[in-house]
Structures are given as structure tokens and as C-alpha cells.
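Each of the two complexes below includes chain A, the first together with chain B, the second together with chain C.
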Partner chain A sequence: MFVELNNLLNTTPDRAEQGKLTLLCDAKTDGSFLVHHFLSFYLKANCKVCFVALFQSFSHYNIVGQKLGVNLTVARERGQLVFLEGLKSAVDVFFQTQEEPHPLQFLREANAGNLKPLFEFVREALKPVDGGEARWTYPVLLVDDLSVLLSLGVGAVAVLDFIHYCRATVCWELKGNMVILVHDSGDVEDEENNILLNGVSHQSHLILRAEGLATGFCRDVHGQLRILWRRPSQPTAQRDQSLTYQYKIQDKSVSFFAKGMSPAVL
Partner chain B sequence: MAAVATCGSGAGSTGSAVATASKSNVTSFQRRGPRASGTNDSGPRLVSIAGTRPSVRNGQLLVSTGLPALDQLLGGGLAIGTVLLIEEDKYNIYSPLLFKCFLAEGIVSGHTLLVASAKEDPANILQELPAPLLDDNSKKEFDEDVYNHKTPESNIKMKIAWRYQLLPKMEIGPVSSRFGHYYDASKRIPQELIEASNWHGFFLPEKISSTLKVEPCSLTPGYIKLLQFIQNIIYEEGFDGSNPQKKQRNVLRIGIQNLGSPLWGDDICCAENGSNSHSLTKFLYVLRGLLRTSLSACIITMPTHLIQNKAIIARVTNLSDIVIGLESFIGSERETNPLYKDYHGLIHIRQIPRLNNLICDESDVKDLAFKLKRKLFTIEVDFIS
Partner chain C sequence: VTLSEGARAGTGRELGMLDSLLSLGGLVLLRDSVEWEGRSLLKALVKKSALCGEQVHILGCEVSEEEFREGFDSDINNRLVYHDFFRDPLNWSKTEEALPGGPLGALRAICKRTDPGPVTIALDSLSWLLLHLPCTTLCQALHAVSHQDSCPGDSSPVGKVSVLGLLHEELHGPGPVGALSSLAQTEVTLGGTKGQASAHILCRRPRQRPTDQTQWFSILPDFSLDLQEGPSVESQPCSDPHIPPVDPTTHLTFNLHLSKKEREARDSLILPFQFSSEKQQALLRPRPGQATSHIFYEPDAYDDLDQEDPDDDLDI
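Right, the complex of A and B next:
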């Protein structure tokens, strides 16, 4: 996890809030560093994590995780991490008929109906184990990323239903957290993606938006991060709080600074 | 430029870099199957495969794209397990050249090829590959290898290097052990190189005529057939590590031409909201899944300027690892622009992946132009714009 980002968000692994939905969004840049941050953050907070990794392979997250101080292989063996590797599972589902319903069953169907098998997988992974002491603090669902589901033929409404079911189970029933990454297509008119993005941002408590710089590519400043705190369930008596920082990604960490205050410029 | 300098130093040390990388770095992609998970070994052994080298940044295995200038811009080469998408130029003149250089590099390095096309017979594509510009030393090696293979008296030559007598005789290995070669676009590749190579062709009109029952899912039949073909080759020839008896590991280079064009049965180039608008993106996803679990690298050329729905282009870009766009000046106003008179077009590096890393090897220069000189395809920084 990135210590500077923890300071900006005012959290530490020990005293993070529960029952929250965090939306990670990237526009014209790559926001995957935020996924790595939250993965290592929640593993260090001793939470039970279910990671639906549709975008990259397990070894990719493992190698970056080791740079950030967590070992995904060990976490998986201990039972702390339940990892659904989308790329590998897609190959399995596509080429061999499965007996029991597979989480990515929709790949074989002509009209991708709903994501019910995927939801069953998540619920099974995060349900509290009866008997025995509670080893983990609270469950966390991490999805990287949701826009891939649209590319695989699932409708935006079906994906929103899935998120709704997961939120009801993970955030409300199990008092856990959810972190979801959605790409923002920006000026390209991707209607389904916009529906999805608007729907999820309406339900989320915290939105982290990584954007490329409006002026183009820069070697020292890789992008801009907008942090927005929301209170979706309460009437907006207080205004939503928003902060903007610029960042530069390094090999093992990310440094944040106020706009225009990059160390390269000063 | 800093990026060029680091890549340049990486190009110099090939053999020693492989040896050190095998001890210090963990292999990036799990190439072995679940049986050979390497728990008995002291660590995953990075077998040195001809025509590959580990990346300077993170030890990942790279293959050359066939254009050393492009290799430098991509941070050393194309990583094994990834997809390189080329957005074709408007009249499809220069993208076939990049495609053929990639395949020719595979032949020269001794890799296995898989060529898929809906337009041309793969055998004809291979006949038209450009000839490699081998310098005199390596040309002599090639002649000597041919000579050794044919004469039975090769034992005489082995007397000096007595240890090598005990090793089994290998077939004609790669022609040259360098990483990245230059190609002469005006000459054809020698016939004996094609015959000595191991290649598989997928020509859509031949494969689609058979009336096999295919399970209905929203992929077009051509894509389903191609995926099954690729998966079959990977499994049969052991590129996914499922066959531990194979002594020599090799790389599979996959080339798919004009993917998404109407010849593949896909209508995204014809209609804005076609019936199979998810066919291409699903194909790319499953293809990437196949590549990630095997020793292969793939190049795809796609006529993105024909795709009607811009959202699909964005999704395709997100699902590919490296995306390069070619923009030729033919027919545009820039053809007569005196600033561009030395060049044939612009090359845009639209996306570079962050593999096993938080950062990627983005080059600092974004204005790149290419030109096809009499023989060579070169990429240069466009200082003027």
C-alpha cells in the first residue's frame, strides 16, 4: 500500500471504515496502481479478500504485491485470499464443458443473461465460517475491472444488478467493503460504460478518479487523482468533500503532491 | 533520450543477462502446468530459448518484433504472453510489412509460426516474407551448419570441442543467434529457410467449409474455429508446459491478419450496432488468456479505421497489451506538405502495458515518423512537428 495515499485518505489498515463501497475510475490513463494499493491495504488489515481479477494474471498481481509488501501466494494458501483469475478461467470455460456452474458461465452463452453464478461464487467465498474463532476482521470484495464484463457481452443492467446484490451481501449484511475499478471512456460515446459508471458512482461512498493530464504526456507527473467523499444514503446536509492531487508512480511507491508542485518543477 | 540509452545497453548483453536473470528474478508468467509447479527445483529455471532475451527492467522474456527500432520503443521487445495490436493504415500498405517482419524474425530465430488469415493463403504469405540482412559472419555460420548437417564426417570437426561430442546432434538451429534483425523489403526470404521452419497455417475459407457442430455462443464461427485451432497447437506442441518430455522449449509466434474485417464474418466494420458486437472483444479476451498461459506472442493487424462504433475500438484497445497505430500520408494533405517530404507516415504508440510492474517503459518521444527506404523500414523521431 502507498503510505502517502493512506495519509490523503486519512485511513490506516487498523482503523478503516466498514460497509463502504469505493469506486476507482480511470480516464485516459492507467488506474491499476490503485487496485494494487487496496489489495495490499486490505491484506495487511487482516481482512478476508475475494479478488475477481478479470484483467491480468495472478503472477502479475503477485509480483507487484511483493513490491508492496504482501505475498499473494501465501495469502491464498492461508485462506485469506480467494482469487478468481479471469483469463485462466475463461480459457477453461470456453474450451471444456463444465459440470457445475462456473462463475464465468456467461462466456458460453449466446445471450449473456445474468451474473448469478459469479455472485454465488463471491458469496460462497466471503461467507463467515461457522465455528472456530474469527480469523479475519471483515470481508472485502475487489473487482478489477468491471468494464471487461461489458466487453464480454454482459449488459450494463446485468452488471449493475450484480453490484447491487454484492453490495447488499458484502457491505450491508457482512459489514465488509467493496472496491471496484471501472474505466471511464471519456469522450468516446460508450453508452453502456457510461450507464455503468453513473450507476456505480451513485452508490459509492468514496470515488478515486485517476485522470491523465489535460496538457498531455509528462515524464514527471503521470496524472491527477481526484478524491471525492460521498454520503449516498443520507440527505446531503453536508457538501461532498473533494480533493485533487497530482502523482508520479515510481517502482515501489507513488508520490503525491499538490497541483503544480511537482518536485521536478520546483 | 534516457529510454533509448537503457535499451541500448540491454541489447549488448544477451548471453550473460540470461544467466544472471535466471538466478535473481522470478519468471513472470507461470509457463509450467500445475504438475510441474517447480516446487522440487531450486527455483524456476529460465531456459535460454533462441531469439529471446530477458527485459532489462524486470527479467521478463522478450522476443523481437522484427524491427529493432520498434523494439527499442517498446522497451526492448514484445513480451511473451502478450498481444501486439497494429491499427492498419488506411490503404493497408505498411501494416503487412510489419506483420511479415514479425514472421520473418520468427523463422530466422527458429520459432514456430502460426499464421491466420481470411484473405490470403498462409503459404503465400510466407513466400512473400522479406529476406534477412545477415552480416557475413552469421552467413558463414549458416552455410557451415548446412554443411555439417549433410556430411557424415562432422565428427572430425568436433575433436577440438570434445565435450560437445556427448551432446545429441541437434537439427538446424536458428540461423542467427542475434536478437532483432534488419530485413530487406525488396528481396524474398530464401526458400530453404521457410522449409526448415515449423509453421502452421489457418486459412479461413478452408476451415469454415466443414460442417462441424459448434456450440452457439456469441462469437462468429470463424473466431471460434481460430481459437480452437490455436488452443490445439499450443496443447499438441507443448507450448503451455503440459508436456514435460519436450527437451527444447520454443516460442510460438502467432500472426493474425485483418482481424475484424468482414472476411472473418464479423460485421463491426459494416454496421454500427451489429448483431455480434461483442464477438471481437470476447475473442481477444480468450486469446489473451491462451497467451498468458503459454510461451507465445501474438501480432494482430486490425482495420480500425473501418470500425463504425468507436466504443468498440476503445474496448479493443483496453483488451490488448501493446497498441500501435500507423498513419500513412498517402492521399492525405500531408503528402504534399514539405515538412513531411522525407517520411511516409506517422507511427503512434497508443498503449504500452504495465506488466508485473507499477510503471511501464514509455518512451519520452511521442512524435515518431516512419519511412520505407529502398530496402529498410525505419522509424525516426519527427523533429519538425
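Right, the complex of A and C next:
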């Protein structure tokens, strides 16, 4: 996890808020560093993490995780991490004989209906184990990324329903957190992605938006991060809840600075 | 006197527009966006209805009952009836707990009530309903609900029905939003500038011209509405009348001004391509003593003077 990002969000692994949905979105840049941040953050917070990884392979996340100080293999073995590797298990849908529907069952259907099997996989993974003392603090669902589901033919409303049910179970019932990544293609014509992005935005408590610089690529400033806090439990008189920072990604950390204040420029 | 009190003492009729949204009845559309969310305003209006003694029904599709009731004190919460479509709206758990008929069924059931008092129905949210139901069905249901009190021939007098619908503007195309907008008696669009929320209220009263007004407001922690004047005036730059405007043409190294003689000479100048009558005469008049022109040619050493004309054989 990136300590500077924790400072910006005013949170640490041991005193993070619960019951919150965080939306990560990236436009014209790669926002996956945020996914790696939250994965290592919640593993360090001793949470039970269900990671629906549709974009990259397990070894990719493991390699980056090791740079950030977490070992995904060990976490998976001791039951802290439930990992759905989309790229590998998509093949199992066709070759595995199963009794109950596979989480990615929608790949077999001609017109992709709903994501109920995927939701049930998540619910099964995160449900509290009764008997024995609670080993983990609270459950966390991490999804990388939701736009892949649109590309696989699932409708935007079906994906929103999946997020709704996950929110009802993970955030409300189990008092856990959710972190979802959605790409913003910036294409006005892509209605489904816009509905998905706006729909999840309206449901989120915190939106982290990584954007490429308007002026193009830069060696010292890789992009801009906009932080928007929404849905406070108490309406505040002052609605000053949006911040913007620029960042540079290094090998094991990300440094943040105010706009125009990159160390390379000063 | 706080700023809001002073404002209320001022133009009372205009500032009360946000207050009197519910008194008109019918469908009130609350249009919000990701940056300016509308649920706080919805809750503030719900609180206002409850305090007026109305019965308030909430069709909750987006947030849990606990979250919606949070911030209300117990006497308001006793008046709220929450119809829960958050936990299992699509009946994925296959239990018998699902409310029959879905949200529209619940809506019609509320309207079939027997007691004649005024009722406020809050739809949280209309966007969820619009994404899951056909637009025509939803519009017909809303029309039936909000115009119920005006249908004749009914023996029992039915009280006024107000419907508050929360609509997330970015999720829908202009067609459905336009349809809902035409059904609505009042439309409130949320926006604002840095740190200060505003509501643009468009009110369509029957047999009157639509009125619109922008109201700055904030919601207090107990969900009561605080109407405000507007963003602070100091943020707007004002020109100081004591400082004279600066003339940029002074202190230049080149001359931008013309003297009187120069100006006259410039005005009397004929432009080269302007065809005036003098020019026409000059062209028509044959020039005196014009001899045929000569070309004097000194051939170089390398020039090849071939007397034979290559075009000689052309028969034109």
C-alpha cells in the first residue's frame, strides 16, 4: 500500500471505515496501481478479501503485491484471500462438469442474463464462518475490473444489479467494504459504459479518479488523481469534498504532490 | 440575525419556493448528479412532510432502511413507512419475503388506501425504477398516482398525493428524462458552486405560466433545510471607481496617432484596385506619343540562335 495515499485519504489499515463502496476509475491512463494499493491495504488490515480478478493473472498481482509487502500465495493458502482468476476459470466453464452454476456461467449463455452465480460465489466466499473465533476483521470485495463484464456481453443494468446485491450483502449486511475498478473510455458513444460508470458512482462513498494529463505524457508526472467524497452519513454544511493531486509512480511507491508542484519542476 | 433569517425576512414569496414544493402536490422531480447528490434534499423534504402530519411512504431501492432513517428522530421515523426493495429487489434469494408486485405493485397499494389524509410518496430512486421497468409502464403508473386526487366520481374524498422522485440525470437518455419531466409539476435540479449547493426550481402550476427560480441552500445535520442568499459576495471581483482606466497607447516606441494633415491625406487616398470614374477615363484615353516598344537583346556566347522556328509546321 502507498503510505502517501493513505495520508491523502486520511486512513490507515487499522482504522479504516467500514461499510463503504470505493470506486476507482481511470481515464486515458492506467489506474491499476490503485487496485494494488487497496489489495495490499486490506490484506494488511487483516480482512478477508474476495478478489474477482478479471483483468490480469494471479502471478501478476502476486509479483506487484510482493513489492508492496504482501504475499498473495500465503494469503490464499491460509484462507484470507479468495481469488477468482477470471482468465483461468473462464476455460473451466466449458470443460468442467459441474453441479452448481460456475461464477462465470454467463459466458455460456446466448443472451447473458444476470450475474447471480457470480454474486453467489462472492457471498459464499465472504460469509462469516460460524464456529471458531473470528480470524479476520471484516470482509472486502475487490473487483478488477467491471468494464470487462461489459465487453463479455453482460448488460450494464445486469452489472449494476450485481453491484447492488454485493453492496447489500458485503457493505450493509456484513459491514465490509467494496473496491471496484471501472474504466472510463471517455467515449460519449459508449452508452453502456457510461451508464455503468455513473450508476456505480451514484452508489459510491468515495471516488478515486486517475486521469492522464491533458497535455500528454510526461516523465515526471504520470497523471492526476481526483478524490471525491460522497454520501456522508451526516450532511455537512460545507460541501468541500473534492481534492486533486498529481502523482508519479515509482518502483515500490507512488508519490503525490499538489498540481504544478512536482519535484522535477520546482 | 443569521444570514438565513435575514434572507427569509426579505422577499418572502420567492424564497419560500423550496419550502412550498410539497404543497402543490403531484410529481416533484429531484434531478441530481454524481457531484451534487440529492438524497439529503429528499430526506429534508420527507422530514418536512412528516412534520406537517402527513403519512410518508418510501419506496427504498437504493439504500438500506437503516441508512435512510439515519438522522431522523423517532417521531419522524414513526411516520415513515419504508418499503424495502434494497435487500432483494430481484428475488434472487428465492424466499417468500419479496413484496408481491414489485415496486409498482407497492405504489398502487399505497394509493388504494382508505384513509383520506394527504400522502407523500418518496421514490428512492426513480432512476432504479426507470432502469428496471419499461418507461411507458412507469410513466403510466406515475400519472395514475399523481393525478388521483383529481379524478371525479369517487365517493370517498381522497387526500392530496405528492410524489417525490429522485432521478440521477446522467443515467438516462433525453427521451425518458423528457417524459418524466413532462409528467412533473415541479422539477428541482441540483447544482452549485464550490462549497455551496443550489436548487434550480421549475414550477408548473395549472393555468399559469411556469416559474423558475434558483435557491441556494444547505442541509443541516438534522435534515432541516437552511435557505441561503448565495455564494459570498467577496469572491466576485469588483472594479474600483477611483482608479482611472489605464490607456495602453501611452509609452509606446512607435506612433499610433495621426495628425490632422496625415488623416486627411489618408482619407483622400485612392486605393489601387478601386475602380473609380477617373481611373476608367485614364484607361480609355489613348496615351499620347506611344511608340512601339523595343526589346534590346545581346546574345550570350552560349546561346543557340536557331533561326528555324519549331512551331513553324503548326497549322493553326
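To be clear about the criterion, the second predicted complex is superposed on the first by the 250 of 266 C-alpha atoms of A that agree within 3 Å, B and C clash if a C-alpha of one lies under 4 Å from a C-alpha of the other, contacts with A are read in each partner's own complex, and residues count from 1 in each chain.
In this section, a contact is a pair of C-beta atoms (placed from the backbone, for glycine too) under 8 Å apart; a residue touches a chain by one contact, two chains touch by 3 or more.
None of these values were measured; they are calculated from a predicted model.
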Between chain B and chain C, the one with more contact residues on chain A is chain B
Would you check which partner chain A:161 touches, where first means chain B only, second means chain C only, and both and neither mean what they say?
second
Check whether A:230 is in contact with chain B, with chain C, with both or with neither, and answer first, second, both or neither.
second
In the superposed arrangement, does A:10 touch chain B (first), chain C (second), both or neither?
neither
What is the contact status of A:119 with respect to chain B (first) and chain C (second): first, second, both, or neither?
second
A:201 contacts which: chain B (first), chain C (second), both, neither?
second
Intersection of the chain A residues that touch chain B with those that touch chain C
191
Please name which positions on chain B make contact with chain A in the complex.
26, 28-30, 58, 215-218, 227-228, 231, 278, 281-282, 285-286, 288-290, 292-293, 310-311, 313-315, 318-319, 354-360, 362, 364, 366
Show which residues of chain A lie in contact with chain C when the two form their complex.
114, 116, 119, 157, 160-161, 164-165, 168, 172, 191, 194-195, 198-199, 201-203, 207, 228, 230-231, 233-240, 242
Write out the stretch or stretches of chain C touching chain A in their complex.
34-35, 37, 39-40, 62, 64, 66-67, 70-71, 86-90, 92, 127, 131-132, 168, 170-171, 173, 192, 194-197, 218-221, 223, 226
Residue numbers of chain A touching chain B in their complex, please.
30, 32-33, 36, 56-60, 63-64, 67, 86-88, 90-91, 94-95, 107-112, 147-148, 150-153, 183, 185, 188-193, 217, 219, 249-252, 254
